[in-house]
Amino acid sequence: MTEHDDRQARFDRGMALLNEVSGGIGPAVVESLADVSPELGHQLVAWGFGEIYSRPQLVPRDRQLVTIGMLTALGGCEPQLRVHVNTSLNVGLTPAEIIEAMLQAAGYCGFPRALNATNVAKEVFAERGLLPVDGAQ
Amino acid sequence: MTEHDDRQARFDRGMALLNEVSGGIGPAVVESLADVSPELGHQLVAWGFGEIYSRPQLVPRDRQLVTIGMLTALGGCEPQLRVHVNTSLNVGLTPAEIIEAMLQAAGYCGFPRALNATNVAKEVFAERGLLPVDGAQ
Amino acid sequence: MTEHDDRQARFDRGMALLNEVSGGIGPAVVESLADVSPELGHQLVAWGFGEIYSRPQLVPRDRQLVTIGMLTALGGCEPQLRVHVNTSLNVGLTPAEIIEAMLQAAGYCGFPRALNATNVAKEVFAERGLLPVDGAQ
Amino acid sequence: MTEHDDRQARFDRGMALLNEVSGGIGPAVVESLADVSPELGHQLVAWGFGEIYSRPQLVPRDRQLVTIGMLTALGGCEPQLRVHVNTSLNVGLTPAEIIEAMLQAAGYCGFPRALNATNVAKEVFAERGLLPVDGAQ
Amino acid sequence: MTEHDDRQARFDRGMALLNEVSGGIGPAVVESLADVSPELGHQLVAWGFGEIYSRPQLVPRDRQLVTIGMLTALGGCEPQLRVHVNTSLNVGLTPAEIIEAMLQAAGYCGFPRALNATNVAKEVFAERGLLPVDGAQ
Amino acid sequence: MTEHDDRQARFDRGMALLNEVSGGIGPAVVESLADVSPELGHQLVAWGFGEIYSRPQLVPRDRQLVTIGMLTALGGCEPQLRVHVNTSLNVGLTPAEIIEAMLQAAGYCGFPRALNATNVAKEVFAERGLLPVDGAQ
């Protein structure tokens, strides 16, 4: 991150990164917010990805492990979890690792949160032809 | 509030206020609970509106800002948030103010909660012909 | 619980108990997780029911009161609450007691959580022909 | 509850019940709020106890099971949990039953919430000379 | 916000605003994070205040109502709530309005969250010689 | 995990692993629960570590990233977070990676949760002579 990145530069950097890790959903996210909260769309991209996610202190794979933990714990974030299960696969987590992170969540957040997260993962895996999960036993 | 308001008086006062600020949804709320938990319907109206919301220490517009903050933070309260986005518009908050409250929520509750709340607001605004939001840029 | 119960014994004990209190949903739960997270299904049954729920320190009816309180407070656990409203009826809680627990939740978790839980209960009661709730007034 | 209970009658009924189940903490609660939020103190007593807790649909022992579940799940409610562990003992729950409810919470809210609640219970039990807990093994 | 504000300009703008509304705590916040997470300190100031709070769509008084609602609902945010009760007073909310927002929280988040928040407010009010709260009855 | 591991074998396996990753706190955890909830202590060790954490699908370093995410998101779990910051260091996460995970939490759970977690990390780092954090800028 340079000291002289302006608003548009941050957005562009964030969009490039968001597209890379998510498989191209960036424009759709921004578009869906364009008529109701364009600043939320801007900040999600420019700040969330352009300033935070782009930092080299954690690689994307590691960020996704943290994020799966957070979204599972929060509850009620199924749409965001769906995006992040896809992203997790894109950046190198295996289905078995994602599932294992959610199994561990049973001990820290309880079974209901773990089950809800696992059901989201199952839907994503089904869409991507990844069922049954290899090595989850 | 008089010292001698009885159960029915509190309910009547609450129902009048609920109808005024919500645009008339009071009877439907009470009706939907009538066969399962009539006391919950009674208390929502008689206590929530007849005793608390009716106090003059905060005007309805201010109460709605607090409520949008609480419902966004709690998560999983989309049905209630829908009612309160409508109520917020009814008591004088503009769409841009509602959206800005939810943008601020990104910093206090995180983007997933802010996004879920904004999506509820978008649906309400669409129903009321308020899209695109004026002044949200 | 014996000191020498192995993995399969715990699962069998849990499945027998889960089926008894839930009215036979055990196999469906395990089956739905079989291709995505078989270990989560195993542990839900073998640990949640075989090791914890089966302890005699609380009878099933009392466990369900605690569970209704927890699931209502957590929010976003409507699928699990649906199972546990059914289970609560199966182990001896009356509809009026279930509804009263959710009314009390209004004071500890707020009305939105109480309303969401009550709506789940209403759906279950409707399916089982238990509306209107007797004695909830 | 009569149809003609006024504000003071509800408060008096709530205070009598709160004192009965909590072992006399009612006046201290109201007093601690007197100079900052007297209405919150009034409503906690008059509504929480005078209108909700006093309903006969659940006996106090059962209400406490629900409340322990809710406060454990919410997290960050250690002061209130302390009151309610004491109240639970006063209305007939045994230490082993309270501890078992918190053990069950491990499966629904995760171990951190269960541990925090159990630590509160341990403090209360120590003050009342109830350690070691009989029958918790 | 200009299109060409760079990293330092955002920080400076945020720090000026944070100091103005909070009564000068900005440097202490940044300093306390300097040796552990300087980027968190930077972003709290540069993004939270420089980019979001500084937007004109909501005046500071209104932002504080939303924030009190969010922090009360989240729970476990007593340190942040302490800052924001002070800030709320600085930007024009009266003690009675702050207290009323927390009373309303009883209905949306339950009494435990409302009590914890009110206790924080009481401490701040005591430090600033604002007890007893005028007009809270 | 063998199919014939009994209760004591699971506990022993969990205790060995807990001690290894946490730097020997296992016996203290079990001891602190011995007189109030020995079963909670047993299950934390035998199930949480002996059955879940010991699975090879995620290495300890990865489990800790998930756990830091969950504990930060839950809030009110400072004692557990303290243990897990220590454990994270023990299994190979650097202070800068831990801090970065908590910075990312600002975007998913909001700044208050991120700040509370970072303050816990700062205390642990100070005890271990790891301040200032290298590479956190």
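We call the chains A, B, C, D, E and F, going by the order they appear; numbering starts again at 1 in every chain.
We adopt the following convention: a residue touches a chain if its C-beta (ideal position, glycine included) is under 8 Å from a C-beta of that chain, and two chains touch if they have at least 3 such contacts.
These are the chains along with the protein names UniProt gives them: A, B, C, D, E, F = 4-carboxymuconolactone decarboxylase.
In this text, all values refer to a predicted model and were calculated from it rather than measured experimentally.
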Common touching chains of subunit D and subunit A:
B, C, E, F
Identify, among B-E, C-F or C-E, the interface equivalent of A-D, where equivalent means over half of the contact pairs coincide by residue number.
C-E
Relative orientation of copies subunit D and subunit F, as a Cα rotation angle in degrees, nearest 5:
120
For subunit B versus subunit F, what separation do you get between their C-alpha means, in angstrom?
40
Please report how many Å separate the Cα centroid of subunit D from that of subunit E, as a whole number.
31
Within subunit C, the set of residues that touch 2 or more other chains is 39, 43, 47-48, 52, 55, 70-71, 74-76, 99, 103, 105-113, 136
Subunit B touches which residues of subunit C in the complex?
75-76, 99, 102-103, 106, 110-116, 118, 121-122, 125, 131-133, 136-137
Which of the residues in subunit A come into contact with subunit F in the complex?
47-48, 52-53, 55, 57-58, 62-63, 65-74, 96-97, 99-101, 103-109, 135-136
Residues of subunit D defined as touching subunit A within the complex:
105-113
Of all residues in subunit D, which touch subunit E in the complex?
33-40, 43-44, 48, 70-71, 74-77, 79-80
So, in the complex, the side of subunit D touching subunit B is made of residues 1-8, 39, 43, 47, 51-52, 55
